[in-house]
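Below: one structure in structure tokens.
Labels for the chains are A, B, C, D, E and F, by order of writing; each one numbers its residues from 1.
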Amino acid sequence: MEMAEPQFKEYAIEEFTVRGEPYYRPVGDELELFTGAYNQRIPVLLKGPTGCGKTRFVEYMAWKLGRSLTVVREHDGSASSPNGSGNGDVAVPLVTIACHEDLTASDLVGRYLLDADGTRWIDGPMTRAVKAGAILYLDEVVEARKDTTVLIHPLTDHRRILPVEKRGSIIEADDRFLLCISYNPHYQSAMKDLKQSTRQRFVAIEFDYPPPEIEAEIIQRESGCSAAQAESLAKLAVKVRNLRDEGLEEGASTRLLIYVGRLMTEGISARRACQAALVWNLTDEPELQRSLEELVTAVFE
Amino acid sequence: MEMAEPQFKEYAIEEFTVRGEPYYRPVGDELELFTGAYNQRIPVLLKGPTGCGKTRFVEYMAWKLGRSLTVVREHDGSASSPNGSGNGDVAVPLVTIACHEDLTASDLVGRYLLDADGTRWIDGPMTRAVKAGAILYLDEVVEARKDTTVLIHPLTDHRRILPVEKRGSIIEADDRFLLCISYNPHYQSAMKDLKQSTRQRFVAIEFDYPPPEIEAEIIQRESGCSAAQAESLAKLAVKVRNLRDEGLEEGASTRLLIYVGRLMTEGISARRACQAALVWNLTDEPELQRSLEELVTAVFE
Amino acid sequence: MEMAEPQFKEYAIEEFTVRGEPYYRPVGDELELFTGAYNQRIPVLLKGPTGCGKTRFVEYMAWKLGRSLTVVREHDGSASSPNGSGNGDVAVPLVTIACHEDLTASDLVGRYLLDADGTRWIDGPMTRAVKAGAILYLDEVVEARKDTTVLIHPLTDHRRILPVEKRGSIIEADDRFLLCISYNPHYQSAMKDLKQSTRQRFVAIEFDYPPPEIEAEIIQRESGCSAAQAESLAKLAVKVRNLRDEGLEEGASTRLLIYVGRLMTEGISARRACQAALVWNLTDEPELQRSLEELVTAVFE
Amino acid sequence: MEMAEPQFKEYAIEEFTVRGEPYYRPVGDELELFTGAYNQRIPVLLKGPTGCGKTRFVEYMAWKLGRSLTVVREHDGSASSPNGSGNGDVAVPLVTIACHEDLTASDLVGRYLLDADGTRWIDGPMTRAVKAGAILYLDEVVEARKDTTVLIHPLTDHRRILPVEKRGSIIEADDRFLLCISYNPHYQSAMKDLKQSTRQRFVAIEFDYPPPEIEAEIIQRESGCSAAQAESLAKLAVKVRNLRDEGLEEGASTRLLIYVGRLMTEGISARRACQAALVWNLTDEPELQRSLEELVTAVFE
Amino acid sequence: MEMAEPQFKEYAIEEFTVRGEPYYRPVGDELELFTGAYNQRIPVLLKGPTGCGKTRFVEYMAWKLGRSLTVVREHDGSASSPNGSGNGDVAVPLVTIACHEDLTASDLVGRYLLDADGTRWIDGPMTRAVKAGAILYLDEVVEARKDTTVLIHPLTDHRRILPVEKRGSIIEADDRFLLCISYNPHYQSAMKDLKQSTRQRFVAIEFDYPPPEIEAEIIQRESGCSAAQAESLAKLAVKVRNLRDEGLEEGASTRLLIYVGRLMTEGISARRACQAALVWNLTDEPELQRSLEELVTAVFE
Amino acid sequence: MEMAEPQFKEYAIEEFTVRGEPYYRPVGDELELFTGAYNQRIPVLLKGPTGCGKTRFVEYMAWKLGRSLTVVREHDGSASSPNGSGNGDVAVPLVTIACHEDLTASDLVGRYLLDADGTRWIDGPMTRAVKAGAILYLDEVVEARKDTTVLIHPLTDHRRILPVEKRGSIIEADDRFLLCISYNPHYQSAMKDLKQSTRQRFVAIEFDYPPPEIEAEIIQRESGCSAAQAESLAKLAVKVRNLRDEGLEEGASTRLLIYVGRLMTEGISARRACQAALVWNLTDEPELQRSLEELVTAVFE
């Protein structure tokens, strides 16, 4: 049996600019803080729990800063927007890298590949971001290996350079380049903390789950469930997050609440949807599962 | 002495769609839950003990969803089923990967191979699954290395992309693609737990051993033993699983009960078949072995 | 000084079928149990102490099953025996792999080698066994790495397939293929136990040292010593194995008793032969050595 | 959508001499000590906390020593300055390497690369520095692997050589070469201390944060904030650093104070700027964050 | 300055047969035991402390067994001795490998090397020994990695084969091949003990330091010192070895006593020679050094 | 900006013979002991604290032994000195290797490199030393990996060979070859001690800091300071080394005292020079630093 090659889309990383305004609901003055830091090209550290919207926030800022940069450049009489397109709806390129302990410096900076004509150099995503003037977003940076952490030092002080040691060369970052990292303070053990010599190179912005009325707005918009259902879920979220004091490892993320909403739009009962997306997901402990089920019953009775 | 090359069959992974309806006996509403999650393309986490049928369930869903997708597409006026064959008996391709701590990101995503004309890129099974719109089933995901776990993050949020860092490219997943992972909560130590930032990207479905009357039905069908023998074995299974409170590491899986049935169809006595497939298998402790043998005697006397 | 290339014999692994009936002395119904499991193609786990005859048993079964398979096929009108030879004295091919923590999945499944014309794929012994319909015997399987253990999962359930991830292909096992593993329960620490999800894929057969009258028969036949000497050695073995309660790590294997017999046929005194092959071998502790020497004196006085 | 290749600058490491006089505000006689050590070519160890200006100091010395060397050489009648340019504003080349535990000796010394014509040797940054007569600055040297630490031994005694073991050759350092390392005594555990056999090859210069009046001068100059704001920040810094006795891991670096000043020039309030650049950055502990906020309030009320 | 290539000799391992009768002074019936084991081709384990003569003993046996083999073969009418030379003074080839934890199976068995015409297989020393019918001597076998230990299993039972997994082939050992391993019981920790499943494949011969009169004979012959000096040193050795009960890690080997003798023939005083070759060598503890010096004074007064 | 390739010198390791008589001030009969051991070709172990002159001693012996060898050979009527030059001022080649835990056996012995014509073998420094008849000096040998330590066994007994396992060959050492290792007893933990089976292959020479009058002579000669200053520094050294009982990790090496002298010749005050080269260098503990400063004040008042 033969099978036709399925359709799929593949992009170069530089092309992965955010297309269209991403949905992001601000909670405080985080937009102003990030913009101020970006204007000064001060690297930014985003702190907060799982699924509270850090990744979405960076996407939104990449889109928003792209718009303003375009305007600024047009005032300067420059003929084209930074991405080469004429309309105003462009973004600063965004390169996102999920950090982990097996990611090597070579994976980030680049490597030599053997070719028919000998070895050829291939830029890694960090090098591409530095050259392209992207926002480079290192997600969960404390999971990275030491050699990765150290790479960002000369990019985050007055030098703004990336040494490419394997080539014996140094790259000066594009004017628009900014490094941004994220970090979940609830996770860190003494073993895997961010070193002060790294940490003190950033301005920090702390995130938390949104307040209930804003979270309900987000759930309804993202899941397509009813306003009443969304409000109930936001109410439930507050109660669930309080269980952290009783042994729950981490509170329910907004993402999980949206999952419940989406399962309900598929005709699955609220109780069953909460069981699959919240109760069974958040813990394996029968005791805690019972406490969670009681909260679900209390809200959806 | 020369030997003729023996006959054997080899397939490309994409061709490994489930052929014919697999035998799966539902216990609750797990079919509805999985279908709802699939329609919303919410990734699924299957939890449950060894040998309770998680792998068979995924195969069944791949077959079942393939049927409905074909029907839907035909309603859309599309001429062919997703797998290029005209009949309705097709499945969503299923790519199963047993996770372990030596499986690298390159094993999953792909690698460059040196060729007569230089290096050539070879897609790994994860990349093939993402392109082919398969259900990608990562079995025992907590055994995987960190770099493997992190690969699934951008595949499980609104982005639905697979960054192929070694090529500097990004692949958007096919519309039909879904990630599915399994996990046995009895095993996990603190060291090898699923991180919340990974876990909260899934809807969870909890499995357990089937109730005795359904398990007897399964044993009889799969082993070819008599109904009476199957009933006795299902009864024995309940008793054996209760021994977990007295030190047995894990209960007898349905698979082991089927083994007993199959040995009996070979003419081996019930007592001897239980000894080989249950007693000697489940534990090395003489004390526990004696307890198990007493249960066998009690049921087959 | 030049030296002529010495004579030696080299075989392909597929050719390593057991030639001629191996000497194996059954103790219970282990032949029937293994035959039943093989007919049902249920994988087999052999448990037992060092040197109790597990390896010899597998060789014998490979020879014996080859004979019956040949007969069966001839009844089917097939012209040739499985190994392409016309006589009945053939065996199922046997591929034995001694497991250890540095054996990689690539060592077992195969790898790409760089050639004058680029890379070429070389099948590993596991792939060869799967294709050739061999009995694949993984000796001391708990010593294997995780990636090795996981390879056997799809070979040991209803799928009977070997995924060759580096080639993106799947191999269906030949009809005659069976996986067989061994395991010494006296060794295992908590760290290196067989996972239940692996273990519950096998039927288990427990072995122990043979009873004295059978062991004497084996010693005499294998060492060429006298019947009286063999009886004394079998008697000594029982006494030595009882020392395990007093700190001896493991009892004397039948192999060591055969060594004593063979040294005696070389004219070395019983006392001295026992010292070299038993006392000095079994322990470095002076206290235990003295106890062993007393047992030797008691038996050979 | 295509994107034009963005503009960026790339240099060879040898070219990375410090251009123009870097801003460095001396606190004591550190310039004289370093100059004395350099004249004697005694390697230098810089000790001090994060962000107290060690890197900037080395850059300044490289610039300053380059000036005097040029003058000296001209007195000798040599026609050109060390860097081949005619004007006096040159520097000793400075090669900075951030040390970490995944940096190998090959990364530093060089390696063979496979080429169309076979293997070709590529000098690493340490080899380039030794040949070019640079100041080689190994930042946070205790983070380096043992093989890296050992490389510096023959460079730091009377031999002044770099053995390039992979090539079987030895390089004598250029006359102008000096090794300089840095080290933060607050970090070191027993595990990662500098061995005495390495340490006793250096003259040590201890750094600390500058006194308030000098630090205010630096903050104002580097951030563009007002003199009053800079004075307040310097005052705040003293108070914050005293919190180290109450659990704060490390005091605020001058760099963080400059960040606050720069955010204020972007129109962000002093309180909010301090929160982002100091409070949230320095600790994740709510208790300590409250203490820090009180200090901020006290200073900026 | 050019330097002429110095003279040196290089051999293929197969050529490294022991030339001329090595000096070995038997202490008990170890020659008979080894000869008996060799005739039966039973693998041999040599146990004993550092420097008691195990390596010299194996060299002697290789020489001695070569002589008798030659004679036997000549009786058979074979025209040439095993090494292709006509005279009787030949030896069984001896391949010695010092084991350590970084020695891989590939180092022993062989590997593929990339050549102008693609990959070429190079036999490792173990493969050469197996083919050449050598005595393969694995020195300090417990230091070896697991993959190395496991390699010797099929070489040490009735199979006498070496599986070369990377080539998918099996080599039958030459008739003359024997495996011999050594082991120092004083060193072993629980972590690094020889597994029983390996150990029970050998006949063991225990060695200890020779008695004083024999040791004096050896010292005099090997160092060229006077008979009186040799006697004093042998007397000293007994006293020094008794210090093991008072904290000395291991007694003085015969080799160290020979060193003392050789230094004395260079005109160095007995006291000073003992200090360098015994006192300073055996321990770094000042207390133990004083005890040793007192023993030296007592003997050489 | 282009930069002319700076001048630097590169040698082959064989050429790195010590040129001209190195400055070495004997303290006892260490010259006679080393000469005696060299004449007997007994390997030498140098023991002593950091910076007490072990490396300089070996260089001196290489120079001195080269002179006598040349004379001896001329008496034999040989036409040229060992290094091919006619004058008497030659040295035995000296190959120094600083050991560390990432140095592999391949780094020392050699490796295959891929070339245009396939693989080519490159001798490592140990192989070069063995062929060239050099003194091979392994500095801080306990830092080496096991595979490195084991390499030296056959070089240090009657065999005097280097097995090159990757080539399947054996190299007999040149007549002039001697192995010399160093070791600092103050460092060693139980984990990283020299094994007795390695240690008992050497004659040991213990070093300590020189007595004050000799040390003053060395300081004055090496630093160019005045006799009075040198005497004060030698006096200070004794006091500082006594602080080891009060927590100082290791005493001041002669090298550090020379550094103080050299800083003083640059016009830096005695107090400041001692602070940089002694106080700040020897410890990070404020308490110990104060004790050290008091000693400095007491001596230089």
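Assume a contact is a pair of C-beta atoms (placed from the backbone, for glycine too) under 8 Å apart; a residue touches a chain by one contact, two chains touch by 3 or more.
The UniProt protein names, listed by chain, are A, B, C, D, E, F = ATPase AAA.
All values derive from a computational prediction rather than experimental measurement.
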item	value
Touching both chain D and chain F (chains)	none
Furthest chain, CA centroid comparison against chain C	D
Interface sides of chain E and chain F: same vs different residues, half threshold	different
Computed distance of Cα centres, chain E from chain C, in Å	31
Centre-to-centre distance between chain D and chain B (centres being mean Cα positions), rounded to whole Å	54
Inter-centroid spacing, chain F versus chain B (mean Cα positions, whole Å)	62
Residue numbers of chain E (touch at least two other chains)	114, 117
Topology of the chain contact graph, where touching chains are joined (line, ring, star, complete, other)	ring
Neighbour-by-neighbour ring order, given that chain E leads and chain F comes next	E, F, D, A, B, C
For the chain A and chain B complex, residues of the former touching the latter	1-4, 6-13, 16, 50-51, 55, 96-103, 107, 113-117, 122-125, 128, 139-140, 143, 184, 187, 249-250, 252-253, 255-256, 259, 262-263, 265-268, 272, 276-277, 280-282, 284
Residues of chain F defined as touching chain E within the complex	14-15, 29, 32-33, 35-37, 39-40, 42, 45, 47, 83-85, 104-105, 112, 114, 117-119, 130-133, 145-147, 149-151, 153-154, 157, 163, 165-166, 168-174, 185, 188, 195-197, 199-206
